[in-house]
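First the structure, then my questions, so here it is.
In order of appearance the chains are A, B, C, D and E, and numbering begins at 1 in each one.
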Amino acid sequence: ACGASNEDSGSDSGSGGGSDSAAELSGSLVGAGASSQQSAMEAWQAGFEGEYPDVQFSYAPEGSGAGREQFINGSADFAGSDAALDEEELTAASERCAGGEVFELPNYISPIAVAFNLEGVDELNLTPATIANIFNGTITTWNDPAIAADNADATLPATAITPVHRADDSGTTENFTDYLHQAAADVWTAEPDGVWPLEGGESAQGTSGVIEVVTNTVGAITYADASRAGDLGVANVAVGSDFVAPSPEAAAAVVENSPAVEGRGEYDFAIEVNRLTEGTGEYPVVLVSYHIGCVEYDDQEKADNVKAFMNYVISEDGQATAAENAGNAQISDTLREQAQGAVDAITAAG
Amino acid sequence: MTATKAPTEPPAQQRTVRRPGDRIFSGAAKGSGIFILLVLAGVAAFLISEALPALTAPSDEIPGGEGLAGYVGPLILGTLLGAVIALIVATPLAVAIALYITYYAPRRIAAPMGYVIDLLAAIPSVVYGFWGLAVLAPELVPFHTWLADTLGFIPFFAGPASTSGRTMLTVGIVLAVMILPIISAISREVFSQAPALHREAALALGATRWEMIKMAVLPYGKSGIIAGAMLGLGRALGETMAVAIILSGGAGATVNLISNSNPSTIASNIALSFPEATGIDVNTLIASGLALFLITLAVNMLARWVVNRRADFSGAN
Amino acid sequence: MSTETPLAPAGAHRADTDGPVRTQRRLPRFAASGLFLGGLVVGGLLSALTGFSLVLAVVYGVVLGTLAVYLVSRSIEGRRKATDRLVTSLVTTAFLIAMVPLLSLVYTVLDNGLPRLDGAFFTNSMYRVVGEGGGAYHAILGTVIITALATIISVPIGLLTAIYLVEYGTGRLKKAITFFVDVMTGIPSIVAGLFSFALFTLVFGNSVRLGVMGAVALSVLMIPVVVRSCEEVLKLVPNELREASYALGIPKWRTVVKVVLPTAIAGLGTGITLSVARVVGETAPLLVTVGLITGTNLNPFDGRMATLPVFAYFQLTQPGTATQAFIDRAWTAALVLIILVMALNVVARLISRFFAPKTGR
Amino acid sequence: MAKRIEVSDLNIYYGNFLAVEGVNVSIEPRSITALIGPSGCGKSTFLRSLNRMHEVLPGARVEGKVVMDGQDLYGADVDPVDVRRSIGMVFQRPNPFPTMSIYDNVIAGNRLNSKRMRKAETDELVERSLRGANLWNEVKDRLDRPGSGLSGGQQQRLCIARAIAVEPDVLLMDEPCSALDPISTLAIEDLMTELKERFTIVIVTHNMQQAARVSESTGFFNLNGVGQPGRLIEFNPTEKIFSNPDEKATEDYISGRFG
Amino acid sequence: MAKRIEVSDLNIYYGNFLAVEGVNVSIEPRSITALIGPSGCGKSTFLRSLNRMHEVLPGARVEGKVVMDGQDLYGADVDPVDVRRSIGMVFQRPNPFPTMSIYDNVIAGNRLNSKRMRKAETDELVERSLRGANLWNEVKDRLDRPGSGLSGGQQQRLCIARAIAVEPDVLLMDEPCSALDPISTLAIEDLMTELKERFTIVIVTHNMQQAARVSESTGFFNLNGVGQPGRLIEFNPTEKIFSNPDEKATEDYISGRFG
């Protein structure tokens, strides 16, 4: 009687899209972690709740670190994380999973755009070194020869460059600095880190924060999830001899061709993104966000719920809805097959 | 004359018979007070126990690699800068507003005016954050440039002026707006209670309205103003979301208020870093929270000292 | 003084003349406003010289206008009158200055919040909503429940403590409580949230996220505000009334309940409203204790809940590709939050008007 | 139910300041006792110690005995609330409860002690008390209006009505007429004369005519100098005080007769 | 520089309530004028209208003229602040500024007018005013203590000291002695007699002996009933009022002669 009007009707129509097993699932499913995949998660959640209306689903986008921690200490059933578990975490996670294995599925892939606000300029070609020099403050005006060299057609004003970075600890920053660290090693010496490694400069909270600042500040430039760049200008990044624009396809392509991390479990598909790729149509500034969970849960209900959710996430339907809402790249069939194996393996102990 | 007697004679109150109702009620009142102390002790215990690992950790394990002082120092500076700007801007404004509403505004519009100002307190800090980011900061960019050009010789305005306006100065102003209703509501309350007896005494001596206020209203309301300012300062020191959203922080210690590199504040830094923090990072953040706690303690001691200095002359009774 | 001097002719007085009521020169009725306007106009022109900007025009104008009034009044009416006019002008200006951010905020919130202020916003939750549509039904109820719970915890404790401080407190304990309540006002909201989180984790273990945790966190923030504002108000109740009551053979506790509290009720109402307003928009502590869900959960003792500030925060900071829909929802949530507090204010005001001391004089 | 009050060796303190010293006096039941003396000599302080209102002030305390009909009011087992209920008080400054109507002010003493009374009974009590205070005619049409809307004199009479409504044994009055006009004063004086048939009344007054007019006994307080404690210099039948006082100081004070 | 005050057709309102109606009177310079009458008849209200303190209350206003030495105090070009500076006032309830020391209370009014006064000058002024109010000896050792620490009577004398310190032309006193003991009252009455050599004094009093003792002229206010406006029934030399009043009402009021 006290429910929202959409919730009552939700459970009615929900059975329409669901399978026969839908009615069997109940209880709760708690996820926590990366905020980067929040938009996609919304779509997955909606779809999942449509199929399994009796499952109490929640996902707290409190950050990857928080997600991993909550997964490890048991307050979350699965984590969303922009980074794979490190060794230490892996041990702890395995303990949490009754000594069993952990799955890590790269289910959310999204290109990071280098976005800027410059009147009359919608597109720029930038090399990794130029990007690094802009963000470390070496290049201070837009008409700098280093930029002009790659952009013969553009009319570059003498406007000062205001580089804007994330103020919070973020997976986007980690992936972006990892890219700079690898692709522009001689200019960018700082280690990859979720916290912006340089002192000073303009900073803002969250993806929407940096976008907001750049939108309001002429001459500003930042890095952000490509789907959120909106009206801002977006740079093409040098890959080999080409300049590649950020696109879901280009992002998915680079992930598919990246090597797996060595020495992980059977269902642990942590990858090492190939930032130095020279492949055509591959965009190396990409963020990969994982879903992390146990292969074996203590509790049958949990196992069923996680399994059902992951099934939906990697399904074509799930990937398509997410892409529509979040603008991310859909996983390739290869990745899906890989993931399906893991999802099928999820069971309850005993 | 009583010096010899007083110690042997127990105070009258101790012999006093008290009825059950009184005992229960005063017990409940006292219990509540003690409960508050316990809560505070709980918070302090929580802060100290969680901060301890960071306090004892070697300095290269603390984020930034320069030790706890190196990490927390700039944050303390940022916190104080923002809060002090807020207090300096807000207190005179709030007192003026309270005076305007109680003694200047036409009576019919005074009450709605007070109400409208109270509304400012109702706006959640997230909204302040986005207003500050989207509306105020861009508006203040020219002001920043002007400050850098004309007052650049003062270290506070050394510049270079921020191009986005998301500076400590802007944060201070937003915080001022946030604490304005707190200070003005309490000031208003005490101003309006300034006894007519004393106001009329002043007027009858031929005081103008302002002189009447100086003689009979402000002294009476002083402790109220200070109480309000302290509440406001508490809020400004601890404000989290608005600062996190507006401030372009993360720089080291600088008193430059108008550049795009600003020290962060303790509270906003906790909010920004906590979700992704693990291990010693968490302890470090909580240690910074402990520092904030100690600052509040110091500020309050100072305020109390100021208020008590002339307690004999306070308006009460 | 012993000789009766004839009235000084108009304008011939000196500021320090002793004597009868001086028919001293006064500025005509509208002269002050006229001068001020004049200053505004000159200020506008001045700013036009340096490239017109509205802000500069107003700044120059106000400064010049105030100066004009002060100087003219000073030369004609004397120092004291001029000071009085100066203060009047300053106080009024301060008030108007304070209105600027208020209007800007209100305009911003209305401008951005009105588009989604529709029926669906109040009847729908975000359950299974992707992209556009949805509402904040769940968050509105969540905020109401958690804030009400925090109020139920804070007001009795805070009010009783204020009563203790004003009516009973003596010696060290009173000093300690007064002091530490002030300290408590400085607890940053995020720390309050973490404290509540740690407390419940201690009792219930790790995974717990409850509405009541948020209420406890908010109470930590709210109690000192309640204590301080109630204390100030109770102190203002004249001792005469307490004595009158004692002299009727009324026990102290009844005196407090039946005489002191009713006399102060208007102020208490304002104080409590202020304290509710102080916490109702808190985001950070709810973020770590209550979290956010898309569906409706009305039980603060079971699981996560949605609240308006957190809802607004996530809508603003984590929008999907249909960005505008998220931003609209966020601002509307903020607008609803403000409306909620306004409604609260109105209720408090009605209550206090109903109970307030009736002063016929 | 008038009561005799015996005061012996009473010292009254404000913190460490001895305000009144060594009072010994016996106040007769069914009589009016007047206390006179210069300002600051401790009349109010002494009066307030009789119903233990004194100890309401922080740090205030007394030494000595106040015995009413054999019971020491400051005894260990005596509740000050009960003392005050049977020894009522009217103050120098009128202090009606601002939150209450005139009607509620009058019955405050009864109602706040949560005595249940039928409507008719309270109506009757209110009318009787207000008539007693000579206020009935002025307020009978606005009993539901706030008491603070009255003029000073009216407010004081309201306070008197409120005090007599609880029907105490003893009534203490601290300059109750200093804010009253002659007609009201006369009414109050008549009322006192009427009330003393049943009650013991102690009144502080600066008005020596009033003391002479209404009281049977008069006490003269004085103090030697600022910072010195006040003392009861003389306590005698009013007639004697005003015609042939024992003490020189009393005579000096009275003979500057006016007021 | 005492001043003559001519009041013509003065109606005084509180909002829509006509409190005092149709007062016509001429108050002589260098004299003491007493106003008597029952409580609530508008004495205070009338008195407050003479120095425009009345209009301080919200909604309060007057109709008619109050002319002091040819100048209409309610004229369009007259600043009420100036009116109050030259027509001082002492209130019924003592109201020293609680945040100021005794010393500062006395010179509060003077501080307003002249920013700079030499220390010796103010010291002299403070002593003179406090002596005038018969308070000097009691407070001379604690001039730097808050005025609120004094007893009621002392506080009132402090207020009188404060009012006379600014040396106004006219002094309005609203029952200034109702909180004073006889010695202080005597001192104040003496002071008034002294001050009237230079000042015009108007005093509201319930004490008819006081009126008879100190005043040259007496005005009798009365009202027909509650809710009716008060009126000035009779204004005559004090001797005449107290021996052979023109009006029956005055005689009735006076003949209930007492204190």
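Rule of thumb we're sticking to: contacts are C-beta pairs under 8 Å (C-beta built on N, C-alpha and C of every residue); 3 or more make two chains touch, one makes a residue touch a chain.
Here the structure is a predicted model, which is why all the values come from computation and not from measurement.
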Shortest walk length in steps over touching chains, chain C through to chain D: 1
For chain D, the least number of touch steps when starting out from chain A: 2
Most distant chain from chain E by Cα centroid: A
Dominant interface by contact count, named by its two chains: B-C
Centre-most chain [mean C-alpha coordinates]: C
Separation of mean Cα positions, chain D and chain B [Å, integer]: 48
Centroid spacing, where centroids are CA-atom means, of chain A and chain E in whole angstrom: 83
Geometric centre distance via CA averages, chain E-chain D, whole Å: 29
Intercentroid distance (Cα basis), chain E paired with chain C, Å: 43
Sequence positions of chain A contacting 2 or more other chains: 62, 205, 209
For chain B, residues contacting two or more additional chains: 19, 22, 134, 208, 211, 274, 317
Sites on chain D at which at least two other chains make contact: 81, 93, 150
Sites on chain B touched by chain A in the complex: 63, 133-134, 137-138, 162-164, 166, 244-245, 247-252, 260-261, 264, 272-278
Touching residues on chain C, where the partner in the complex is chain D: 170, 238, 240-252, 254-255, 258-259, 262-263, 265, 355-361
Chain D - residues contacting chain C, complex: 51, 53, 56, 58, 81-86, 88-89, 91, 93, 95-99, 101, 108-109, 112-114, 145-146, 148-150, 159, 162-163, 166, 168
Complex contacts: residues of chain C adjacent to chain A: 123-125, 127-131, 134-135, 137-138, 141, 206-209, 287-288, 291-296, 298, 303-304, 314, 316-323
For the chain B and chain C complex, residues of the former touching the latter: 19, 21-22, 24-26, 28-37, 39-40, 42-43, 46-47, 50, 92-94, 96-97, 99-101, 104-105, 113, 115-128, 130-131, 134-136, 139, 142-143, 177, 180-182, 184-186, 189-190, 193, 208-211, 213, 224, 227, 230-231, 233-235, 237-241, 266-267, 270-271, 274, 286, 289, 292-293, 295-297, 299-301, 303-304, 316-317
